[in-house]
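Two complexes are shown next, each including chain A; its partner changes from chain B in the first to chain C in the second.
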Partner chain A sequence: MLKKLRILTVTQHALMLAYRAEIYLWVLAHVMPFLMMGVWVTASRSGAGGAGGGGGMAFALTPVDYARYFVCVFIVRQFSTVWMIHEFEWHIVEGRLSYFLLRPMNPLWNYVTAHLGEQLARFPFFIMVLAFFFILYPQARWMPSASAILLGFFTIYVAFALRFALQYCFAMLTFWFERASAIEQLSFLPYVFLSGLLAPLADFPEPARRIAELTPFPYVLSFPAQILMGQITASSPQLYQGFAVIAAWFAGLCLVGQFLWRRGLRRYSGQGA
Partner chain B sequence: MGIFPRRILRIMSAFWFTSLAAEMEYRVNFLVAAINSLGQLAGTLFTLNILYRKGYHFAGWSWHEALLVVGLFTLLDGMASTLLSPNLSRIVQHVQNGTLDFILLKPLDPQFQLSTRNMSPWGFPNVVFALVLLVYAGMQVPLPAAAYALGIIPMILSGIILYTLWFAVATTTIWFTKVWNATEVLRSFLEAGKYPMSAYPVAYQFFFTFILPVAFLTTVPAEVMRGQHSAAFILIEAAVALTLFVVTRCFWKFALRSYTSASS
Partner chain C sequence: MAVIDVRNLSKSFRVSASDPGFRNALCHFWNRKYRQVDAVKPLSFSIEAGEIVGFLGPNGAGKTTTLKMLAGLIHPSGGEVGVAGHVPFKRQKAFLRKITLVMGNKQQLIWDLPANESFRINGAIYDIPDAELAARIAELAAMLSLDKQLSQPVRKLSLGERMKCELLASLLHRPEVLFLDEPTLGLDVNAQSAVRHFLREYNRKYNATILLTSHYMADITALCKRVLLIHQGSLFYDGALAGIVEKFAPYREVKLEFTETVDRMRVAPFGEVEESLDRSARVIVRREALTSTVEQMLAQLPVADLTITDPPIESIIAELFTQGTVNAPASATKP
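Up next is the complex of A and B:
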């Protein structure tokens, strides 16, 4: 099985290399963390907020830490973006799913390896963007500890699995509605606003943060980012709490996804099925 | 293109009527779009509120004035999804499928045809919410009614600037064929217009003024509405809009020369 997955990933990577320019543009399209970095660094430099005497809550991080946080957010997004629903929709509408059903493995793996191959293809460009940023903004440079990198990347892939499972469930709706991606788009809203993409969760008002932490969204973005920047380490209780929440969501979504896949497949009527 | 204004108007109304009729097939999508834009707006206000409740404010912008910028951004966003994106995304298809030939053959300016052929009602919810927000924020600032009348001029100019940016990116399709992602890149950079320029560090402000003129899309019209150096701002913005329009036009003409159609 592992060998099959490796071969699939390598072929998908070769396939993706043909669309290098497009993939590089995708990297650039994820400029949001850098915009928000600008906003938060400017804000925290202004001296407003509790300590500075503005009367409101203090800023949770220092300007440099805001910069690092948003760089980490950028990194996490590069490795946890999921787009399988669009491909799946296309495969269902055009009846291409039939070919994948003929293979002696769940078509799911085809999509997983496509994502891994795409991440490999964008990696060189991603490193260039990152290097460019650190040249422009040398104060934000820091060397994360080896454990932060290891644990961080492990968590990024856990986050990737969770996002994949979530989108997989939405993708299965394609068996019933042809435009399931329109429904999935709605789940993008809480993702954008609750994941920590626009503001670190520590800056949220207390009740909003509590609510956000019950949803899976902070765990797919701000959680791995905080691990990568060393805010959450192996000794912090938040780490285990986070993994527990992720595991619970992941298990639930897998059950739902599998159920929908079985049910949906019976309805599938593409050519050859 | 102002030589036959009446003919132009007739063609445009025919274009828009047919595309509206076509889009009405997808009424559920309209509902999704409405929920989506309401959610977007709520989320943006929530994020802005996180900053402002700390006692911080973008230099020179009170809470309600910042809302004005959000409102203008939402308005432009709605206009873009109604008028721009359904047309400009199709340029890519035309070049890929070689159907651009049909457009070039018609006795009507191709840039005009490509830019006005379609319209989709998906941006309407954004426009409505934006107007509500603009009126509310304007009453709180408070702005006189004349400010809105004055604000219409720079808003039209912003619309022109936005159009030229999209059209210039879409024009590059003629050489690169697959530039759908390039318009996504443009879109993600335009998001910067949600906040007034003073929210960003100086380097960003420089970039968004001189390289990618996002500053002129929302911040400048809001400044005009607030009555700060209105005349000067309008003049500068008009100059920017006119320059960009002429440059884009020449760029398009130039690109057409390198177009090798499907059959030639």
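Up next is the complex of A and C:
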């Protein structure tokens, strides 16, 4: 199985390299955390809890910590972005799924390795953006501990798996609606607000944060970012609580995804093929 | 033992239907109407190991839907189907390793990469060891006269080269059962001939069972001894290719050469005159009356030479399908 995944990933990587312009655009399209960083760093400099120590509203982090948080969010997004629904939708509508179904391997792996290949292709550009940022903003530079890096990247891929499972369930709706990506867009708003993309969860009002922590969204972005930052460590109870929630969501989504896949296949007509 | 066994296999689809126009589009948005399409009506047939069977029918007859059901891509609405000892729609790995489906209008090769990359993926997915994979690629490439094309991006290949690469990719795992849906679609005469030759060789070498659809009768006549004819989802002929002439065209063409000028009116009583020149004529005669009619012709006309031929099979099938309906054999025949 590992050989299959390696060859699929390497081939997908080669395919992604065929679209160089697309890779540049992908990386640039993920600069949203840097925009939010600008907003929060500026605001916290004049806030009560920020480095500015002014008399405004309270902020949970210092300006440098905000910068680091959003850099971590940028890193997490580079490795946990999922777009399989668009590919799957195209494959269903065009009947291209047929060729994956003819192979003695679950088509799911084709999509997983496509993402891994794309991450691999994007990696050098991601490093360049990161280096460019630290040159521009040296105060935010820091070196996470080896354990934070290891645990952080493990959690990033756990987050990737969770986000993939969530989108996979939406993608399966293509068997019924063909434009399932429109339905998936419904999850975009909660993702933007609850994942920590716009603001760290620490800045949420307590009840809102508690509700957010019951959804899968903080665990696909904020949670791994906090681990990379070193805010959550191996000895933090939050780490185990977080993994417990992820495990529950992941198991549930896998069950739903598998159910929809089996039911959906019965409806597949190989359109266009 | 039958490799493909089909009993009352059927497939119905529900499709939305709407009339053109703004108002109808709005009505369709709020109140969607559906209709049932019986793509394949209950059909039964079986195919033995090593057979090459032509599956013929006009567009929309249900050929591709049947092939998809046999390949396990879509679920049948009814009936039973067994392929190589498996129920296709269960899509067991052992089944998928035994079959392949090639669609002339679709491609599995990765468009922007050389075909070799797609072969490597297939090799890994089908657990073919590297050395064995290289040997199989070399063997199939030689059979298909492919060489440098394998290292060029697929998008740079000609249609014929691409189809050969598709065949190569589809056969790397040496399937026992091949479902080929118009494998020569859009190819030039030479490429068609090369694909036919390859399929014949593959069938001979591996005793593969092949079910082939094609709109090119040359594919069918070159490869298939047996054909299945399907129209509007119903199978109406299953038998020898040669038997189509007997069943749907129970007439012969008699070519006459005369020693002197013969008027058309003198030839007309013997059958339907297709052509009448001064010293020659072509007459269509019903098969059961052939012997007596020829005897009469020889006795009553100044015949110098006489040739009896079957009508071309291509024209019989083309006529059956272009008529739009397939009637009982008797009414599908000429006088």
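Here is the rule we go by: the second predicted complex is superposed on the first by the 259 of 273 C-alpha atoms of A that agree within 3 Å, B and C clash if a C-alpha of one lies under 4 Å from a C-alpha of the other, contacts with A are read in each partner's own complex, and residues count from 1 in each chain.
Note that in this section contacts are C-beta pairs under 8 Å (C-beta built on N, C-alpha and C of every residue); 3 or more make two chains touch, one makes a residue touch a chain.
Only a predicted model underlies this, so the values are computations on that prediction, with no experimental measurement involved.
Peer 1: Comparing chain B against chain C, which has contacts with more of the residues in chain A?
Peer 2: B
Peer 1: Which partner does A:164 reach: the first (chain B), the second (chain C), both, or neither?
Peer 2: neither
Peer 1: After superposition on the shared chain, which partner residues are touched by A:199: those of chain B (first), chain C (second), both, or neither?
Peer 2: first
Peer 1: Once the structures are superposed on A, label A:98 by its partner contacts, choosing first (chain B), second (chain C), both or neither.
Peer 2: In the superposed model, A:98 contacts chain C only, not chain B.
Peer 1: Touch check for A:7: first (chain B), second (chain C), both, or neither?
Peer 2: Only chain C is touched by A:7; chain B is not.
Peer 1: When the two structures are overlaid on chain A, which partner does A:79 contact: first (chain B), second (chain C), both, or neither?
Peer 2: Neither chain B nor chain C is touched by A:79.
Peer 1: Can A:46 be said to touch chain B (first), chain C (second), both, or neither?
Peer 2: first
Peer 1: Return the residues of chain A at which the contacts from chain B and from chain C coincide.
Peer 2: In chain A, residues 19 are touched by chain B and also by chain C.
Peer 1: Okay, in this complex, where on chain C does chain A touch?
Peer 2: 13, 64, 68, 71-75, 91, 93, 96-97, 99-101, 103, 105-106, 108, 110, 112-113, 117-118, 120-126
Peer 1: For a test of understanding, state which residues of chain B touch chain A in their complex under the given definition.
Peer 2: Those residues of chain B that touch chain A are 28-29, 32, 35-36, 39-40, 43, 46-47, 50-51, 53-57, 59, 176, 178, 181-182, 184-185, 187-189, 191-192, 195, 199-201, 204.
Peer 1: Can you tell me which positions in chain A touch chain B when the two form their complex?
Peer 2: 19, 21-22, 25-26, 28-32, 35, 38-39, 41-43, 46, 48-50, 52, 54-59, 179, 182-183, 185-186, 189, 192-193, 198-199, 203-205, 208
Peer 1: Spell out the part of chain A that touches chain C in their complex, as residue ranges.
Peer 2: 3-4, 7-8, 11, 14-15, 18-19, 95-96, 98-99, 101-105, 265-266, 268-270, 272-273
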